[in-house]
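Going in written order, the chains are labelled A, B and C, and every chain counts its residues from 1.
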Amino acid sequence: MTRLPFGLGGTDDGRDGDGDGDGVRTDSLRTGSVRTDGGETPNPFANVGDDIARKQLLGRVFVGICGASTLVGIVALFVLLGDVLYEAWGWVTLDFLTYPPSRFIENYYPDGRGAGIYPALVGSILLIALTAVFTMFLGVGAAIYLEEYAPESRLKSFIEANIANLAGVPSIVYGLLGLAVFVRFVGLGESLLAGALTLTLLILPIVIVSAQEALRAVPDSQRHAAYGVGATDWEVVRDVVLPAALPGIMTGTILSLSRAIGETAPLIMIGAATSMFRAPIEDVSGIPVPDLFGPFAAMPMQIFDWARLPEGDFQHVAAAGIVVLLTILLLMNATAILIRNKYEK
Amino acid sequence: MSGSSDVADLTRAGSDIPAGRNLAVRGVFFACALLTVLTTFGIVVVLFDGALGFFREETLFGLLSGVLGGVLAGSPAEAWAALRTGLGTQVTVREFLFGVEWSPIIRPRSYGVLPLLWGTMLIVVGSALIAIPVGTATAIYLSEYADRRVRKVVKPTLEVLAGVPTIVYGFFALSFITPIIQRFFPGTGTFNVAAGAIVVGVMIIPMVSSLSEDAMSAVPDELRNAAYGLGATKFEVSTDVVVPASLSGVMASYILAISRAIGETMAVTLAVGMQPNITLNPLEQAQTMTAYMVQIGISDVSVGSIGYQSLFAVGLLLFVMTLGMNLLSLWIKGRYQEAYR
Amino acid sequence: MSDSYTVGDERENEQDGAAADRADGRNVSTPDPVDETTGETTPSIQHIADADTVIEAADLTVHYGDVEALKPVNVRLPAQEVTAIIGPSGCGKSTFLRCINRMNDMVDAARVGGELRFRGKNVYDEDVDPVALRRKIGMVFQKPNPFPKSIYDNVAYGLEIQGYDGDMDARVEEALRGAALWDEVKDQLDESGLDLSGGQQQRLCIARAIAPDPEVILMDEPASALDPVATAKVEDLIDELAEEYTVVIVTHNMQQAARISDKTAVFLTGGQLVEFGETNRIFENPENQRVEDYITGKFG
C-alpha cells in the first residue's frame, strides 16, 4: 500500500494502515515548509477554504459508512452463531450424539429416554469420506492434466471455462443430475453411494481449481531439475510435483469437502431420507462395514427435518444439530489450516 | 561425418523409457478432466430430457424406448400409440412461461411458473438491496482504508459467512429474523419474504465484498497517485478513481452474487415458505423455484408423474438463468482484464 | 552434413564484405543501429575437426510466438572441452543452451527450426525421445534447485528413474566426489539437500547431473546465484569435469568465461551467434568489432 503522502488533513484518520508512514512524511514536509517560511508567514499548504473542509467532512462520513458496513457482515456472523448457540444451550448432550432421532420431543429432554443425531452423524461422516476419496482422485487427476500435460490449446481453455461455469451451477441442479443419472439410470437408488457421487460432481470444480493453484505453486525449477536428469512427464509429476503440491491439494480438498458436508438440496433431490433411525452400517461377520447401497440420512437433512416440525422445542433440537454440524465443519477447517501452516514456508 | 555406429541412439527403444505407462497415465488424467465436460453435458441432457417429459408427457428416452418396445414386440399399433401419447402436448411452453397460476400437483392443475419466478425475483431484489451496498462499502473500506492487519482478519472472517451451510441461514431466519420482524409488524406469519431476503442478503455479502475488493486492489497505484497529485482527497480518490476503474470487476461480483441468490435453496425454503404467491408485500409468504423443487423432493410423487416431470422444467429454467448470469459475469470480467493491458 | 558446412564456408567468405561494413560503421560517429545489425549477419565461426564434434547446430532458429529469439546458428562444439557461451542478457544464449537438450519443449510457444545434431543425430527428429536425450545430456541450472529430499536421494534420483540396478551407494559416492562435495556431506547423506549452503546446493545439483554419467553437461549460469568463494569452487569443479565430460556453460561473466573455457561463443543482441573460437583468441583478438566492444565493456 503505497499512497501519496499528501496528508491534506484528516482524511488519514488513523484507520489507514499506512497512516504511520504518511504521518511521518507529512510531518517532515510541514516542518520543512515551516523552516523556510521562518514561522511568521502563514503556511501556504494549510487547509484553507470551505471546499476542502467540506470534502474532508464528507470523507469522514464516507469512511464511517464503509467501516460500519464492514461491521454489518461481522456482526451478522456473530449474531448468527450466538443465536444457534443460545437455542442449542443444554440440548447438545452425549445422548444427543449417540441416539437415533425421535418424533417425540420428550425423548430429547436431558432426562428423557434419549434421542439424537447419531444415524445422521455417521451418515454424514461416511458420505464425506466417500466423497473425499472420489474427489481426490478425479479432482487431482483433472488438475494434473490441465497444469502438467495439456498444451495451451482451445481444448484446455474450453475445459477451464467449463469448470468455471460448473462452479456456478446451483447445487440443487446437481441434485437433479444425481437423481436422473445415479439414482435412476445407474440404478443405485437413494443410497450412500449415489449421494457421495452427486456431491463429488458438485465440489469437483472447486477441488480442481484449488488443486491447479497448488500445482502452479510448485516452482518450475523443480520440474526442470527432474527433466534435466531424464525424467518422463509422469516421473516428474509423481516424484517432484505431487509431493510438493500435496499439502496445498489437501488443504483445498478439505475446504471443498467442508462445503459438501453442509449441502442439503442435492441430497433432497436424490431422495435421501430426511430422517433415519439406523446408521448406514451393516455387520459383515461381526465387523461393521459401511452400507454403500443402502438408504442413509445426513446431518443437514436431519436438521431440515427438525426445523420444519411445528412443535416449538424442536427448534432447540435443530439448533443442537446445527452445533454438531458446525463443530465438524470447524474441525475440518482447522485441519486444513493446520496442514497449510505446517507446510507453508 | 563419422560412421553410422557412432550416431547417437536417442529413440525410446534405445533407452528403455516406460513410454506405454507414460501414455496410459496421461490418458487417465485426461479422462478426469473430460469428466467435467461430461458433467455439463449430463446436466444439459438430463434437464432438457426431463423438461421434454413435462411439456410432451414423455421424455425422449421414454418415447424412444416405448416406440422401440412396440416395434420389437412386432406390434406397430403399440409403437404408434406410444408415439402418439409421447408426442402429445401436456403443457404448452406458453402456459409455463406466462401462466400466473402454479399448481402442478393439486387440482385444478395449472402450470404457470410466474409465481415461482416472482418469488425468486423478490428474494433476488431484496437480498441485492442488502448485499450490494453493504458489500461494496465493505470492499472500499478493505481496499482503500483498512490497514493490512485489519484486512487479514476481516476478509477471512467475512468469508466464513459464505462457508456457513445454507440450512443454518434458514434456521437463523426462522428463529431470529422472523421474530424480530414480527415484533415490528405483528401480523407477519412464520414464513415471509423479508426474512428470506435478509438472510440471503447476508449470505452473499462476502461474494460482493471479496470479489469487489480483489478488483479494487488490482487498480494500479499510479492511478491513485495521479488523483492525489491533483489534490484529491482520499474520499474522492476512492469514489472517483478506484470505483470507476474497477467497475467491471465490481459489476461481475454483483452478477455472481445475484446468480447465487437465484440458486439459493435451503434458506429460502425454510424462511419464505411453500406458497406460490405473486405479491409485493415482503411480509407475506411465497415460494421460489428452488423451494418448489425441495417441496417435490420431500413429498412422495411417483417417478414419471407430472410433479416429478415439473422438477426438470423448473430446474432447466433455473439452470438457464444462472448459466446466463455466470456467462455474463465472465464476459464482463474478460473485458475488464483487457482494460490494463 | 557437407551442406551446412558449405553454408558455413560461404558465410566465412562473406567476411570481407562484413569487415568493410564494419569499417564504415566505425567511421560514422553515430552508427545507425539498423546498419550495424545488417552489417553483422556474418558470424566469424572457426570450425573444428569432424571427429571432435559432439554438438552441431545447423541453421538452428528459435521463435517464441512471433519473436525471433535465435537467428540461424551454425556452430560445432568440441568434445571433452569447456565451451562458454557469453553475451548480454536477452541475447539468446540460454535459449541456445536449452535447445541442446530440448528443454525448450516445455515452452508451449517455442518453435525450433533447422537442426541440432548430437553425435550426428538431429535431436529434433521425429524418432527422438527428449527424455532419452536428456539422459545423455545433463543440465545444471542458474539457481540451485535440489529436490526437497535427502542428499543421497537427490543424487540417486537420476539413476533410479533410468533403471540403474548396480551398486547405488558407490555411484552416489562417485558422483559426490566428482562434484567435490563428498568430504563435506559424507556424514549427513540422509539430511535434506535444502539444508546445504547455496554453493553446496549447486555442487549437489552438479553431482545429481553427473551421477547417471551423461556425455554432455549443460550449465546455465551455474554460479550467478553464488558468493565469490562458492563460485571459485564451482569453477574449479568445471575445470575437472572437462576431463571426462563435454561441458557447455552459459555465463554473463566474461572473466569467468575466460578463466574456465577452452572455446567461447559470443551471442549478441537479436539472438545472433557472432563469433566462435578459441577462448584466448576471442578475448585477445576478436575478429568482430561488436564482440570487441562487448568484451572491452563498450557495449552490452
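Going forward, a residue touches a chain if its C-beta (ideal position, glycine included) is under 8 Å from a C-beta of that chain, and two chains touch if they have at least 3 such contacts.
What you see is a predicted model, and the numbers here were worked out from it, not measured in a lab.
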Middle chain, criterion being Cα centroid separation: A
Chain at maximum distance from subunit C, centres defined as averaged CA atoms: B
Length of the line joining the C-alpha centres of subunit B and subunit C, rounded to whole Å: 54
Chain centre separation in whole Å, for subunit B relative to subunit A (CA means): 17
Whole-Å gap between the CA centroids of subunit A and subunit C: 49
Interface hub residues of subunit B, defined as touching at least two other chains: 17, 19
Per-residue overlap in subunit C, given as positions that touch at least 2 other chains: 131-132, 135, 162
Multi-partner residues of subunit A (each touching 2 or more other chains): 232
Residues of subunit B touching subunit A in the complex: 17-19, 21-22, 25-26, 28-37, 39-40, 42-43, 46-47, 49-50, 133-138, 140-142, 145-151, 154, 157-158, 160-161, 163-172, 174-176, 202, 205-206, 209, 221, 224-225, 228-229, 231, 233-236, 238-239, 256, 259-260, 262-266, 270, 290, 293-294, 297-298, 303, 311-312, 315, 318-319, 322-323, 325-327, 330
Interface residues, subunit C side, partner subunit B - complex: 1, 50-51, 118-121, 123, 125, 127-129, 131-133, 135-136, 162-163
Subunit B contact footprint on subunit A (complex, rising order): 1-4, 6, 8, 11-12, 15-19, 52, 55-56, 58-59, 62-63, 65-70, 72-74, 76-77, 79-80, 83-84, 87, 137-142, 144-146, 148-150, 158-159, 161-166, 168-177, 180-181, 184, 201, 204-205, 208, 232-234, 237, 258-259, 261-265, 268-269, 271, 274, 300, 303-304, 307-308, 315, 318-319, 322, 325-326, 329, 333
Subunit C - residues contacting subunit A, complex: 101, 103, 106, 108-109, 131-132, 134-135, 138-141, 143, 145-148, 157-158, 161-162, 205, 208-209, 211-212
Subunit B to subunit C touching residues, read off their complex: 1-2, 6-12, 14-17, 19
